[in-house]
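Following: one structure in C-alpha cells, then a few remarks.
Chain lettering (A, B and C) follows the sequence in which the chains are written, and residue indices restart at 1 in each chain.
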Amino acid sequence: MNALPCTIYVSFAGAAAALALGRRSPTAARVGALVSALLAWGITLVAAFRFVPRPEGLQTLVDTPWIPQMGIHYHLAADGISLTLMVLTGLAAVAGILFSWNVVERTGEFFAFYLALIGGVFGVFLSADAFLFFVFYEIAIVPKYFLISIWGSTNREYGAMKLVLYSFAGSALVLAGLLWAYAAGGAQSFAISDLAMAATRFTHAEQVGMFGLVFLGFGVLAGMFPFHTWAPTGHVAAPTAASMLLAGVVMKLGAYGCLRIALPLFPTGLLFWQPMIAWLAVIGIVYAGLIALVQEDFKFVIGYSSVSHMGFVILGLAAANVRAVSGAVLQMFSHGVIAGLLFAVVGRMVYDRTHTRKLADLRQMSLYKQIPFAATVFVLAGLASMGMPGFSGFPAELTILIGAWQTSPWCTAVAAVGVLVAAAFTLRVIQASFFGTAKQPPAGAAPPVALPPITLPEKCGALLLIGATILIGLKPDLLLDLIRPALQAPLFQAALGGGAP
Amino acid sequence: MSNYPLLSLIVLTPWAGGLLLALLPKIGAGASRTIALVFSLSTLGLAALVLASFDAAAPGYQFVERRDWIASLNVHYYLGLDGLSLLLVLLTGIIAPVGLLASWRQTRDPRFFSLLFLVLQGSALGVFLALDFVPWFLFWELSLVPAYFLIKLWGGAGASRAAYQFVIYTIGGSAFMLLGFAGIFLTTGTLDFPTLARLGADGSLALRLSDLGGFWPTAVFLGVFIGLAVKVPLFPFHTWLPSAYAEAPTGASMFLTGVMSKMGVYGFIRILWPLFPAKLHALAPGLIWLALGGVVLGAFAAMRQTDLKRMVAYSSINHVSYCLLALFAVASVPGPGGQAAASALSGSLLQMFNHGLSAAALFFCVGVLEARSGGLRGIGDFGGVRSLAPLFAGLCGISMFSSLGLPGLNGFVGEFLIFRGVWGLVPWAAALSCLGLFATAYFLLTFWQKVFHGPKAGAAANGFGDLTGVELLTLVPLVVLMFAFGVLPQILTGLFNPLVTTWVNHLTP
Amino acid sequence: MISDYSELFGALRPESALVLGALAVLALDLSILRKRRHASRLLFAVLVAGVAVVVAGALAVVGPHGSIFGGALIFDRLAVATRIGVLTLALLALGIASASKSQRNPAEYIAVILFATSGLTLMAATQQLLLAFLALELASLSLYVLAGFDKSRPGSAEAGIKYFLFGGMAAAFLLFGFSLVYGLTGSIELPAIAERISAQPHNPLLMVALVMVLVAFGFKAAAAPFHLWAPDVYEGAPTASASLIASASKLAGFTFFTRILWSGFPSAAGSVATLHFSAGWLPALAAIAGFSMLIGNFGALAQQSVRRLLAYSAIAHSGALILGVLAAGQFGTGPLFYYAATYGLAAAGAFGVIAVVERTEPCQKITDLAGLHRRSPLLAGCMAVYVLSLAGIPPLAGFFGKFSVFAAALRLGGLAGPSGWLVILAIALSALALYYYLTILKQALVAAPADGAPALDVPPIAGATLLAAAGLIVVFGIFPGLLLDLF
C-alpha cells in the first residue's frame, strides 16, 4: 500500500525517460514506457491484493504540509474505490502502450505525454486534499491536447481543442465550487474531510449551488448529457492509445470526482439535484445509444457507446445508495476495460490496416476472414459492451439497476431500454464491420492486398483486456469486496443514506 | 446424490469440446466433426449416469451443487435436477448429436461450426440445470451468441437480417427480464429459484413486491413474462422465428426448434408460474387467447407457406403453443386442478420432448430435400420422390405423422393429454385449438402429397438419391424413438409424474 | 529632525550599485570595447550589468528593514520581496537582451535597462509622495527610451512615442492627485496621510485625487480602460524592452500602487464584499478589474500577432492581479506578490523565446513559431512552460498565483458581492483564455515547421536565462511556500 504514491512518480519519471530515450531510438522509448507502466500497474495490483479495508475508509499514505498559508497538504490516501480505479489505470496504460507499439513519429514525445497523463490520473485517484485533487486533475488536461492534435486522425485539431476546452471549463466550474466552499465555510484547510465538516454549516441554497457547480463540472468530463458532445469528436480524433485512455480512464475521473468530492461534501445539494441528474443520465444512455445506431463511422459508434455506458455510471451515482454506487464504480472499471478493447480494435487493428473507418467500406471487406483474431476480440468486446453475462458489464449493470430502482423505478426502466439499444447498435456494428459480405471483384482485377497480420504486442494487449473483463465478469466480488467497504466510510454516510444497501 | 459434480460435467463437457476445437486451428474436417460428436454424445452418457441414480419420487432437486459466487448479490453457482430438467437434458442430449450428424456434409469451416454447436449445447444444458438467476441468465444469454453466428455465417440469403432480428428480439426481452429480477432482488434479497418459488407459493413474494408501489409489481411480472415469451415464442412475439429458422443451416434449425424453444417453455414452468401464481391466474384468460393465437394462426400460416422450411417453422410455433396453452389453462382455474390439470401438465411436458424429436426430424428432411436439389425447398419444387427414395419417404412420412399426432407415434400422447386436460379446464379453448389440428393435418398431408407422390417433377426429375449412411444415422434414431415413446410413453412419464402431482397439489392457488 | 543621510544611502545601496554598474558599462564600452564586434560589446555589457544586478540583489537582501529616513522609505516584506523580484526579472531581461543580433548601441541599451531597474526598485520601497513620483518617473523615462530604442523600425518609434505620451499624461494625473492629497492633509508621508484622512469626513476633493491615482495605476498596470498603449508598445518595442515592461515594471507598479492605496487611503477604500458596497476606491478598482479581464481575454482571441496576444493577455492578467489588490487589505499582499512575480517570469520568458527566434527571422505572427519543436526543442519546451503558466495550468506557478488570489478575493465576502462575482468571471474567462494560449502551443509543439525554416541555435546566455526562468516557474509552482513564506 505504501508504495502506491510511487505509481505517480514512476509515471512521471517514465515520461521524462521516454522523452530522453526517444532521441536515441523509438524502440528504447517504447520499452522504457512499457517498463514504467508495468511497474506502476504491478504496484497497484500488489496493493489491491493486500488491501485490508478499514472503517475510516481512506487510509492515509502521505500527509505533509505543503502550503501552510492556505492549509493545503500534500495528502495522498487510498481506499477500495481508489484502488479499483488505479488498477484499471495501470491496465489501460499497459494495454495502450502495447497498442501504440507502431507509433514511429516523435515516439519519445508520444510516450512522454502518455505517461504524464497517466501520472496525473494516478494522482487524482490518490488525492485526499481537494487542492491536490484539482492540481492533478488539471495536470491531466494538457497532455490530452497534444496527444490528440499531434498523433490523431479525423479533425484532430478541432477535436483536441474542443475536448480540452470542455474539460477545462468543467474544471473551472469545479474550482469555482471548491473555492466557494472553502471561502464560505471558513475551512482551515482543503482536506476533503475538513471541507465536509465545514459544509455541514452551509445553508440549503449554498449546498445546492455548490453541488450544482461541482457536479456539473465533473459531469462534463464524465460525459453527462447534454454536455457530452466533446466526447465522440475528441475520442474519434484521438490516436488509438489516447482514445483507450480517454474513454477508458479519463472519463472516469469526472465520475470519480463526483463520488469523492461532490457527494461527501454536499449531501443536501445532492438530494435537490438527484432527480434531474438521474433523468439526464438515462436520457444520455438511450440518446447516445440511438445516435450510435445510425453512425456510419466505426469509431463514432464506439465513441457514442462510451457516452451511453457512462450514463449508467452517472445513474448509479445519482441513485446515491451503497448498492447503486458500488455498481457505478464497478461499471467504471468494466467500461474502462471494454472501451479500451473496442478502441484498440477499431483504431489499431482495423484502421491502421484498412485505412478506412467507414462501415460502408468495411462491409465489403469480410474482415473476419482476413483478421480472425481481431474479429474474435471485437465480438468478445461487443458482447461485454452489451452487458452479456460472463463479462464485467453484466454484474455492474445489474447492480446499478437494482440500486437505481430504490430511487427511481422509472429511470431504471428507461435504463433497461438502454440495454436493448446497446445490444442493437453493438450487434449492428459487429455485423457491418467484420462480417460483411465481400463483393466478388470483377474478373481481371488485382487480387486484394493481404492485410498485415496481428502483431504480438496487439495480441498481448487484447488478451490482457479480455482476461480482465472475463475475470471480473465471473468474479465481480474481487472488486466489490474493495468497493463496498469503502462506501461504508463515515464520509459517505450523509450522502448514501446511512449506509443501507 | 453422488459426490461427483455430475451436473457441472454435463454442462461443461460440451464447452470443453469447444475449447479443444478452438485450440486446434489446423485440425482437419473429419477430425473436428468426430471430436464434436464425441463431446456432444457425452451429454447422453452422463445423463445415463444421472438416470441410474435418479429417484423420480423424491421431492425437490437432486444432484444439487451449490457454491458461493457473488456474495454482494447473494448469488450462488446453483445447479439442480428434477424430472423436468432431466427430461430436457435428455432431449438436448439426443437432438444435439443428431444436429451435428445432420451437418456432417457441411464443408465450410466445419471446425468452427462444430465449436459453435458445442457451445450452444452447453449453454442450453446450463439453462435447464441452473437454479439461480445469474447463472441461469448467463447460460440463457450466452446461447444467443453461437446461435447468431451459426445462422449468420452458414445461413441462407437473408441470414444476416434474420440473425440480427433473432438476437435483438431475444435480448430485448431479456433486458426486461433483467429489470424484473432487479426488482425481485430489491424486495427479497435473493435470486435463488427454489427460494423464490417457496416465497411465491405462500404469497410472500407478492407481498414483498407490493413494497415497490404503484404498478411496479405488475411491471416486474411483465418483464419476466416478456423475456420468456419472446423465446418460446408466444404469439405475438413470434415474428422473429420464421426467418431465423428458415435461414439457419439445417443442423442449427434442428437445435433451435428442438431445444431452444423449449428453453422458453421451461422458463415459464420453472420461473414464471412458481413465482407469480396469483398474477398468472389473473392474466390467464388473456394469455390463453395468446396461446390459441399461436396454435391457430401458426398452423394457418404454415398452411399458406410454399417454402417448406418456413412451413415447418410456423408449425413449430403451433406445436409449442400447445405446451403454453396447457400451462395457462391450468393456471386459469382456481384451486387444485385435479385430474385435468395433471393431464394438461403431463401432456405439456411430453409435448415438449416429442415435438423436439419430430420437428428436428422434419427440418432434417427438408434439409435433405434442399441438399439434393441444390438449394431449392419450395413445395412445388419436388414431385414423386417416393419412388426414387423410398426409405427417405418412409422415414419422413413417419416424422410427419408424429408431428400430426397419429396414435402409435410419440406425438399423439402429448397432444392427447393436453387436449384432455384443457377440455377439462377450459373447454372452449380446447375446441378452438382443434382448428390448429385440422390445419396441421392439412399442410402436412399437402407436403406429403406434393413432394413425395405424383409424377417425378422439379428437382426430382433427374433422379433423387436415397438416404446415405450418415443421413440414415441421423434420421433412424429419431424415428426409432418416435415409435418407442409412442408405444411406451411411460418411459418418459415415469420421470416426472410425481413432480406433476406435486405441482397440481401445491402450486395452483 | 535631521534626517540621517547615511541611513538613506545605506538603504539605497542596491540602486547605487545599479547606477554604478550602468556607468561602468558605458565607460567600458566607450573606452576598451570601441573597436570590437557588436557581439562582444553586447556580451561584455551584459556581463558587467549582470554582475551589477547580482550585487544589487545581495545588497537588497542584507539591506535595512523597516522605516528609513523619517518614513520616506519603507523596507517591509513586500518592499524587499519586490526589489529582489524586480532584480531577478531585470536579470532575465539582460539575458534576453544578450540574444539580440542587431542591437545598435548595445552598451547604452544595457545602461538604460539598469537605470530603469533602479527606478523600479526604488518604486517598491517608497512611502512618501515626492519620492514615489521621483522613482516612478525615473523608471518610466527609462522605459520610454527602451521602448523606442530600435531606430531601424518605425514600430519601435511608434511604441516609444505612444508609451511616452500615455505615460506622461498618467504621470501628470498622478502628480496632480498627489498635490491634492497634500493640500487636503498637509503631509506627504503615507502613514500620516492615512491618519489625517480617516479623521476627516469624505471630501469630494479626495475623490478627485483618488480618481487621479487610479488613472495612473490603470495606466501602469495596463488595465482597461487605460490599456490602449499596451498592444502597440508590446508589439513595437525591442524584445528585451518589452520583456522588462511586461515583467518588472508590472511587478513594481503593482507594489507601488498597492502601497499607496492601502497604506495611504485605507479609510476611503469602501468595500466590495457584499452587494451593499460602500463607495470608495475599491469598487472603482473592481470595475477596472472586470473591464480588464473582459477586454483582455476577448481581445486576445482575435490576435494573429504573438506580441499583441501577449499584450492582451497582460491586460487580462492585470485584471486578475487587481483582485489581489482588492484582497490585500484583509489578507495581505502575499498572493498578489506571488502572482505578479511569477507572471513576470512567464511573460519575460515568452519574450525571451521570441527574441531567440528573431535572431534568424522576424517573429511577429503566431505562425512564425511553427514547428518550434523541431527547430529547437529547448525553446519549444520553455515556451510550453511559460504559456501554460500564463494559462494557469498546475503544477506551474501561474496556477497557484491565480488560485491564491481567487481564494483571497472570495474570502472577502463569498459570492455575496462583486468581489466574489469577479472571481467567478475570472475563472470563466480563464477557461476561454486557454484557447488562445493553446494556439501558440499548437504552432510551437504541433505544427510542422514552415518550408525552409532553419534550425535555431540558442546562444548560451539566453538559453541559460530561459531555462532559469522555466525552472523557477516550475519550482515556485510546486513549492509556492518558498515565496509565500517571505510574507
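By definition in this document, a contact is a pair of C-beta atoms (placed from the backbone, for glycine too) under 8 Å apart; a residue touches a chain by one contact, two chains touch by 3 or more.
None of these values were measured; they are calculated from a predicted model.
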**Message:** How are the chains arranged in terms of who touches whom: line, ring, star, complete or other?
**Reply:** line
**Request:** Report the most central chain, judged by the distance from each chain's C-alpha mean to the global C-alpha mean.
**Result:** A
**Prompt:** CA centre of chain A versus CA centre of chain B: separation in Å?
**Reply:** 42
**Prompt:** When the C-alpha atoms of chain B and chain C are each averaged to a single point, how far apart are the two points in Å?
**Reply:** 84
**Message:** Report the inter-centroid distance (CA atoms only) between chain A and chain C in whole Å.
**Reply:** 42
**Item:** Residues of chain B touching at least two other chains
**Value:** none
**Request:** Enumerate the contact residues on chain A facing chain C in the complex.
**Result:** 66-70, 106, 109, 131, 134-136, 138-139, 141-142, 145-146, 149-150, 157, 161, 164-165, 168-169, 172, 175-176, 179-180, 182-184, 209
**Prompt:** Of all residues in chain C, which touch chain A in the complex?
**Reply:** 334, 373, 388, 393-395, 399-400, 403-404, 406-407, 410-411, 414-415, 420, 423-424, 427-428, 430-431, 434-435, 438, 441-442, 445-446, 480-481, 484-485, 487
**Asked** How about chain A: which of its residues touch chain B in the complex?
**Response** 326, 379, 383, 386, 388-390, 394-395, 397-399, 401-402, 405-406, 409, 412-413, 416-417, 419-420, 423-424, 427-428, 431, 435, 437, 475-477, 480-481, 484
**Prompt:** Any idea which chain B residues touch chain A in the complex?
**Reply:** 69-73, 134, 137-138, 141-142, 145, 148, 152-153, 160, 164, 167-168, 171-172, 175-176, 178-179, 182-183, 185-186, 212, 214, 216, 219, 223
